[in-house]
Amino acid sequence: MEALTDGIFAISMTLLVLELKVPDAPKSISSHELLHKLGEEIPAFFSFFVSFIYCGLLWTLHHLAAHFFRHIQLGLAWLNLFFLMSIALLPFSCALLGHFLGNVAAEEIYFGNMLVAAVLLALQWQVATRKNLINEDDPQAAKDIGQKLLFFPPALAAAMLVTPYGSKAAFYAMAMVFVTLRIWQRKVLRKTKSPSPPPSS
Amino acid sequence: MEALTDGIFAISMTLLVLELKVPDAPKSISSHELLHKLGEEIPAFFSFFVSFIYCGLLWTLHHLAAHFFRHIQLGLAWLNLFFLMSIALLPFSCALLGHFLGNVAAEEIYFGNMLVAAVLLALQWQVATRKNLINEDDPQAAKDIGQKLLFFPPALAAAMLVTPYGSKAAFYAMAMVFVTLRIWQRKVLRKTKSPSPPPSS
Amino acid sequence: MEALTDGIFAISMTLLVLELKVPDAPKSISSHELLHKLGEEIPAFFSFFVSFIYCGLLWTLHHLAAHFFRHIQLGLAWLNLFFLMSIALLPFSCALLGHFLGNVAAEEIYFGNMLVAAVLLALQWQVATRKNLINEDDPQAAKDIGQKLLFFPPALAAAMLVTPYGSKAAFYAMAMVFVTLRIWQRKVLRKTKSPSPPPSS
Amino acid sequence: MEALTDGIFAISMTLLVLELKVPDAPKSISSHELLHKLGEEIPAFFSFFVSFIYCGLLWTLHHLAAHFFRHIQLGLAWLNLFFLMSIALLPFSCALLGHFLGNVAAEEIYFGNMLVAAVLLALQWQVATRKNLINEDDPQAAKDIGQKLLFFPPALAAAMLVTPYGSKAAFYAMAMVFVTLRIWQRKVLRKTKSPSPPPSS
C-alpha cells in the first residue's frame, strides 16, 4: 500500500500547481502589469501553500505511522483507500478555495476535506491499536505518533467552526493549533530525551 | 513491472479529480449559489467515487496476485501492458460518464472499460496458472485471489446488460455483486480461520 | 535513476489520456450522437494506443537494459536525462498527431520524437558496452537486449521516410518492423532454449 | 522522504510538457502552416528544455546528497518539504516564462523560483553538516557534492541580476556558470582519480 500512497500524495501535491494559472494577457504586457495580474492570484498561491504544507505533514505522519503497523488487515486497507480518496480530492477543494477565497461554502468544503483526511488517518491508528497491530518495539515513539494524529481533527474542526465568523479567522485558528502542536511536540521531545534523571547517590 | 503499475494506478486515480471542475462563476457568488452549482456536479462526484474505489480494488488484487507470480514471462508482460492501458483510459471513461450520466452509450463505455480491465487482470492469473508460474507457498491464499479475480468480470458484464433498462439499475447490479463478493469473502475467511473442526472423540 | 525513470514513464503514459477529450456536447445528447462524436476522435484514440504500446516497450527495454549496467557513469546519466526528456515530450507529439492525423509535419514530429527516444536508449547501451559497464553474468541475454535496442531506430527512420508518401503507409512500415522484430525474437528465443542440440551418436 | 521526492520531481518534470499546447488551428491546416505555428511556440520549448535539464540536475544532486544523510532530522524534513514545494511550483514559473519570454517580471520569477530551490537544497546539506549527520564513509565524494550544491545559488543569482539588462543575457550568464561548473567538476574528478602520485624513490 506504501507505493500507491506515495504516488497519490506526490501527484496530489503536484496537481495543486495546476490551479495556478498563467495570467490571460497579451504577450506584450509590461512587467508592472504582469505583477499586478499575478497579485490578483494571491489567494490561489496562499491556498497552494497551505495545502502543500498540510499534505506534506499528513504524508510524513502516514509514513511514520505505517512503519508501526505489523501487517495490513482488510479494515485498515479500506480506511486507507478512503483516506487516499480524500487526498486525491484535495486539489479540487484547493482550487475551489483559491477561486472563491472568502466564500464560506468554499472554505467549509476545503476544511471539511482536510478534516475527513485527518480523521481517516487517525482512525487507521485507532483501529490498528484496538486490533493489536502496532509494533511494540518503540512504545514511546508509537505513543508520540498516536498523539500527533489526534491533533489534526480538532484543529480542522476549529477552523470549520470559526469560518462563518470570518474567513481569515479560520486560518488563524488552524495555525494556532499548529503552533500549539509544535510547542507540545518540543516539550514531549525534551522529556523523551531525558526520561531517566540520574539517581542522586 | 510493479513500479510502472503502481505509478500508472496512482496517476490514473489522481487524474480522476481533474474531471471535477471548479464552477465557472463570478468570485462574488454567494455560498448558497456555490453549493447549488456544486450540486449540479454530483454525477461527476459520483463517478469519481465509484471509479476511485474500483481502481483501488483492482490495484489491491493486482498487487496480491503479483506476489504469487514466480517470474514474469513475455505473454504476461503484454497482458499487463494492455491492462495498464485500460487503467490509463479510465479517467477518460469516468469523465465521459460524469458529463453524460444517464446516457446509455456513455455508461456502456464506462462499464466496458472496467470490464476490459477486470478481464485482462483475471487473464493474467489464468495464464500464470496454466504456465505453472504461481508460487505454491500458500495454495489457500492463491486460490482465494484466483476466485476473487473471477468475480469482477461477471459483475461488470451484469452492469452492461442492465444499463439499457435504466442507468441507476446498472450501478445497483454492480453494487449487489460487490456485496455478494464481500459476503462470500467473509465466509471463505471464516472457513479458513477454522479449517480443522475439532475431531469428536 | 530508476525511480525517476519509472515515474516519468508512468506519468507520460497516463498523460496521453488527457488528449482524449470528452465531446463538447449538451448533456441531453442521444446515445447515437454521442457515439458519432466519439467516432470523430478515433485518430486520437489510435495515437493514444500506438504511443502507449511504444512507451511500454521502451520502458521494458530500458528496465531490462538497466539491470545489466554495473554502475551509472556521468555520460550515461546525461544520456538518460535527455532520453527522459524525449519521453516527457511524447504526450505533446501524440496530441499533435491525434489532432492533425494525416498532416505530414505532425506525423514527422511524432515519429521524430519516437526516433530520438529510441536512439538515446540505444546509445546508452552502446556507451555502456564501450566503457565496459555491462554485467557479464548472462552474455546471451545481454546480447539479446543490445540487438533489440538496435531494432527501434531503423523502424522509426523507415516510418519517417515513408510518411510523405502516405500517412497510413508510415504506420504499416513501423508495424512491419515490429512484426519482424517479434518473429526474429521468437527465433532467437527458440535457439536459446535449445542451444545444444543432442549430439548424434 | 525519497519516494515522495522522486514522485514530485517526476511529476513536475512531466507536467512541464502541459505548457506545450497543440496549436489551435483547423484540422486541414497545411504542413507548412503547422510548422510556422509551432515555430511561434519556440519560447515555450526553450523554457521546457532549460527547466527539464535544471530539474534533472537538482534531482541528481538531491539523490546523491540524500545517500550521505545518516538519518533525517525534523529540521531537514521541513527544509525538504519547502524544497519540494519550490519544485512543484516550477511548472507554473516555466509556463509563465514560456508565455511571456522577454518580460522582465516573468523571467525574474522563473529564476527566483530556481534560486529558492537551489538555496533550499544547499541549506539541507549545510544543516546536515552542522548537525554532524553526514556519513563519513567517502569524505572526498561528500566534499564534492557539498561544493557542487554551492554552485547553483550564485549561478541563478547572477541570472537574476543580469535579467533587467537583457533577457537572453541572463541565460548566457546561467549557462556560463554551468560550463564553469562542468570544467571545475572535470578537474576535481581528474584529481580524484589520481589522488596519490607515486612517491619518487
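Letters A, B, C and D mark the chains in the order given here, with residues in each chain numbered from 1 onward.
Methods note: a contact is a pair of C-beta atoms (placed from the backbone, for glycine too) under 8 Å apart; a residue touches a chain by one contact, two chains touch by 3 or more.
Given the structure is predicted, the values throughout are model-derived calculations rather than measurements.
Between subunit B and subunit C, two chains of identical sequence, the interface residue sets overlap only in part, with shared numbers making up under half of the total.
Placing every chain at the mean of its C-alpha atoms, the farthest one from subunit B is found to be D.
Subunit B and subunit D have Cα centroids lying 39 Å from one another. Taking each chain's centre as the mean of its C-alpha atoms, subunit A lies 28 Å from subunit B. Shared interface positions of subunit D, i.e. residues touching 2 or more other chains, are given as 3, 6-7, 10-11, 15, 18.
For subunit B in complex with subunit A, the touching residues are 2-3, 6-7, 9-11, 13-18, 20, 22, 27, 29-32, 34-35, 38, 48-49, 52-53, 56, 59-60.
Interface residues of subunit C, counted against subunit D in their complex, comprise 3-4, 6-8, 10-12, 15, 18, 77, 81, 84-85, 88-89, 91-92, 95-96, 99-100, 103-106, 109.
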